[in-house]
Amino acid sequence: MRKLMYSLSELWEDPKFKYSSIVLGLLIFISILSYFSPYDPYKWYLLPTNQPPSLRHILGTDGKGQDIFWVLSFSLRNSLMLAVVAAVVSRVIALLVGILSGYLGGAVDRLLMALTDTFIVMPVFPLLLLLSSLIKNYLTPPVLGLIVGVFSWSGDARVVRSMVLSLREREFMITSKFSGMTVKEVIVGDLIPYLLPIISGGFIGSMMGAIGFEVVLSILGFVRVETPTLGSMFHWMINFQAMLLGYWWWVLTPIVTAILLFTALYTLSLSVNEYLDPRTRVQRIVVVK
Amino acid sequence: MKFIKSYLIPRIIQYLYMVVIGITLIFLIPRLSPVDPVEQILNTRLRIQSTTPEAILKIREVMEELYGLKGSLWEQYINMWKRLLKGDFGPSIVYYPAPVIVLIRNSLPWTIGLLTLTTLISWFMGLVLGTFLGYSKKSSLSRIWTAVFMAINPVPYYIFALTLLLLFCYVIPIFPLGGGFSVGQRVALTWSFIKDVIKHGTLPALSLIILGLSGWSLGTKILVQNLSEEDYVVYAQMMGLSDQKILYSYVLRNAMLPQITGLGLSLGGIFGGAMMTEILFTYPGIGTLAYNAVRANDYNVMIAISFFSIIAVATALLILDLLYPLIDPRIRYR
Amino acid sequence: MREIVTVENLKAYYFIRFMGNQTTVRAVNGVDFKVCEGEIYGIAGESGCGKSTLLKVLFGYTKPPLRLVDGSVIYDFDSQKLNITAVNHQLLRRVRWKYISYVPQGSMNVLNPVRKVRKIFMDVLAEHTDMSKEEAFYEVEKYFEALGLPLRVLDSFPHQLSGGMRQRVTIALATILKPKVILADEPTTALDVVVQRGVIQLLKDIHDEQKCTLIIVTHDMGVHAHLSSRICVMYAGKIVEEAPSNKMFKDPLHPYTKLLINSLPSLGDRRRREGIPGAPPSLSNLPPGCPFHPRCPSARSVCMEREPALVTVERDRRVACWMVEG
Amino acid sequence: MKIVVRNLVKIFKVGSIFSLKKLTAVDNVSFDILPGEIFSLVGESGCGKTTTAKILLGLEEPTAGEIFYDETPLEDFIRDKKEFLKKVQLIQQNPFSTFNPFRKIEDYLFKTVLRFGIADSREKAEKIIDEKLSIVGMSFGEVRDRYPNEFSGGQLQRISIARALLTNPSFLVADEPVSMVDASLRISIVNLFKDLGERFGISVLYITHDLSTTYYVADRIAVMFRGNIVEMGNTQEVLDNPLHPYTVLLKVSVPIPNPETSWDERVDLSTLEREEYFTKGCKFAGRCPHVKEICKQLQPPDIECGGRTVKCWLYK
């Protein structure tokens, strides 16, 4: 815990990290506010439609008679939840497959890698489209996250495997063995520190992928657009032709939010990856002391 | 001879294996989903017109025949393969009775034309620009470009494309709103048609190239930066070789290896990537076809597109694997 | 004999910054020496004493985080004098390889993995001579034959060669233009004994043949004994002793040199030897006074307070120690 | 502990499944290591010495041959993994990669003591660790809460030795333990090995390419070349008066730190190092100065010659 705090304080020195964590913090804060929302996001025409921003409705209202700020709050909550589910699922599978494959080798390795290769050649996008259109009514944000996660682990599983393969040849693995360490201790203590950059970078990457994918599906109308998500905001905004009618507050809200969210995630991954690079991290251990 | 035995054959086996597994998955996924596509279509049809139960049964049978859903799972599977190998994907539901293969044949040139060209252009420009950015990372020009690309890179494609549309079709209307060519133009290899196609293709191409360029440039930049610290590049500098020589024969030559893999994969993946562009710009390619197919539950079209998609990626991987020994001597002489 | 290299008060530090923490590594911390034409001058010392950095500075290769802080390195070629620490990039590129060349440490990765050996040689010839492609092609073959290296190596890629062959190729690469001064950084480290002997033999042959000056850095005192005519011993970024090699081995003056030579086991002698206690100091955190005093068995109070200067004790010997008076 | 190795063979398959080539890394090797003895395997890189060690440590499966630890076959001994690792420990070549830079040193030390049941509490473990560290001239205070790269190579190698001693092993494998250590620190580490046999009765397999330290520390020596032991016997006898032409070449190639010993004769370097594995006769025939016709045809047998074994037709 103390170490984590220390790392955070070190990372804070990086302007990239500062920017991204402030923006993400703000967006997460807004999404938490949804629990205190005065409105039901599924009810339409509770308010006068298409009102520009005012003190009562700080981001105005949309053509469905909903307060845009509170819709945004629900949308962020759902989109972030979906993103985290997708990221966790894909990381867990990638790590599991990669480590098992690289560490055990032999037949297990061949079997798992055959599976991985298949997922690499799979046309993920059309397939997901097909799948989501088939089960549209079951597609709550976490389910969609789960599906995206299941289809987006293969590339990183290969990277993890090749890293584990090269780590397995390192002398310190033999030392661990002769120090009586268990397989679990070896994985946690010897492998994970080297895999951290790929885990964290991949986590943020698949979050971005999942949010983006949901937006695409929503714009195309392949998910239940009644559920408030970042994508459904785009969907209704386009459907009600807010752009042509000049309701700029309705148009800009999802666009600005999406750009903020994506740039923040992107800079966060850049900054964290730089920080976790094993080469500099090893040197830092001494300098810090 | 030894090359064929130890290199070619294992890779071809792997290729066939990937194709078979991929297509099997495509076969299984809709069948494992809790929704019956025939049921869904029947429901929508029945809402419109009332039919007798016998007629429904009749329609159902015809539909199952068209979808290849007759018989046990195993029979369906074997039948699918039989048809695939003949190049028969059945008729389309939406454009009944047009065969799927014809629909694909009509859409394919548009997608391949737009996507292949833009992918190649952005890859090549990205390689050149990225090399410059990575090798002269301290110059102010390089810094500005890097900043610009870093700003563009995380912007989601649809937002970027929407912005372009807004800008060049509404605010400064210099490009047509969408389509592959003007309504009323005769499809023929005439000068005016080609000009029309180019005019329509510019905006979607631009959207793809700019985003692609920023991605490839940043990727190449990081590669080149890392390569510049390699012992052999440092030593080439010590030898007093000119910067051009070092960049071309020492840095770029090595940076090419991973970037060619990237190019191959993204060329293989153009079917998947085409969708958003084509829908936003109402471009008459595979993406639009797939979009309409999914919306109308046009199952045979989806299967066909996925099939070509798998073949494309797997073939791209195979070609890369076969090309690799030519580019990288370390693999050739293993 | 004419002095071809003159190094004066050379200081080169690494300035390293991590997340706001700044450290200064004093790798070369006030070094001066002279090398005569035709000499084989050896620089000895343990890892982290600054010897490899010194060689890089001699080659004019200072890139951040390494920075030249003070001093000069003057080369005196027939026609001109040249301070390599103060010449521009263009001139530096013309001087390198033609007049001064460099054999790097560990030849493992210094050859471009996707380029044939012959091509790499031809790159050098194309850059520094006005030979045509064909001339260059045959020039490389001629040189390989002269050094007794197999010609088939030329059409191989670097990864196809064994470690020993790669090291010999690298030496050939550094000497093909017959430079006046060759700087070699640990040219025999990580090689097997027999191969190591072959490499030493090759360096000696080139030296005898081309009448060049050789400055060789290695931690292996055995290699110095067989190759170097004069040796300086570095400790913590400074020269602590300099002498002709036979005198150095027979009668070392500085306590560090003494302990170092006496701690080397040798064939035919099983008598117990003792190592030097402690460990070399960190170059970013040097002890006050003589940097060797924490490990020195004969340290006095003066050693802990003031640093001894490198003084000439005999015509051809210099020592930096309070115990040895000039 | 007495270790007996008989007719050990290790064949590696190189290339892919379609173009297999067999490389005999260890070719019919037999030797004994006596209790409390330092036995040295000497040779150049790729001679099979490290592979032999890996087989002895159970890290690699032998293709053929038998190994006995105090009469128990290796296969049986290794079945109880904990007991095996307690009795057999190793010291690796590169101290900087022996320890994971992200793991604290004490982590390794405590795990070793606690896992092998040497102590049952951290307090007792700390005492034992301090005790073993003092053998190598260090203390627990120096190690507490620190990471590997806060130490010099020499210190790390001492810690590595102390860690290996924690389980009170009877057999220690040291793979090039001083080749990456600075010259001024090297001898003090070699001295530790010298004491191990005498003070604790531990048998040591000392693997190296450096004849000088071997001469200094080892009781008996086996010289390996391309998978074969070409000469084996008492260290002093073998190195003072080598019989096999390869041992002679090795000996004259050692750069002795004395400028007065000069190298007059030139050495020939093999340009076909890989091919030497596949020759059917004596593997040294290609560069042996005394080569005869029979050497190229037939591999020489092990010949007893004045208390040592030589694999050379010259002594038939």
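Order of writing sets the chain letters: A, B, C and D. Residues in each chain are counted from 1.
Just so we're on the same page, a contact is a pair of C-beta atoms (placed from the backbone, for glycine too) under 8 Å apart; a residue touches a chain by one contact, two chains touch by 3 or more.
Fair warning: this is a prediction, and the values are worked out from it, not measured in the lab.
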Top chain pair, ranked by how many C-beta pairs fall in contact: C-D
Chain whose Cα centroid lies nearest the overall Cα centroid: A
Inter-chain centre distance, chain A versus chain C - centres from mean C-alpha coordinates, in Å: 52
Centroid spacing, where centroids are CA-atom means, of chain A and chain B in whole angstrom: 23
Euclidean distance of C-alpha centroids - chain B vs chain D, Å: 56
Multi-partner residues of chain D (at least 2 other chains): none
Parts of chain A lying in touch with chain D, wherever the complex brings them together: 170-172, 174-181, 185, 189-190, 193-194, 278, 281-283, 285-286, 289
Residues of chain C defined as touching chain D within the complex: 46-47, 150, 162-165, 192-198, 200-201, 219-226, 245-246, 249, 256, 259-261, 263-270, 272-277, 279-280
In the complex, chain B residues that touch chain A: 14, 17-19, 21-22, 25-26, 29-30, 33-35, 37, 150-151, 153-159, 162, 166, 269, 271-273, 275-276, 279, 290-291, 294-295, 297, 302, 305-306, 309-310, 313-314, 317
Of chain D, residues touching chain A in the complex: 59, 82, 85, 89-90, 92-94, 97-103, 107-108, 111-112, 115-116, 147, 149-150, 160, 163-164
Touch list for chain A against partner chain B, complex: 114, 117-118, 120-127, 129-131, 133-135, 138, 208, 212, 215-216, 219-222, 234, 243, 255, 258-259, 262-263, 265-267
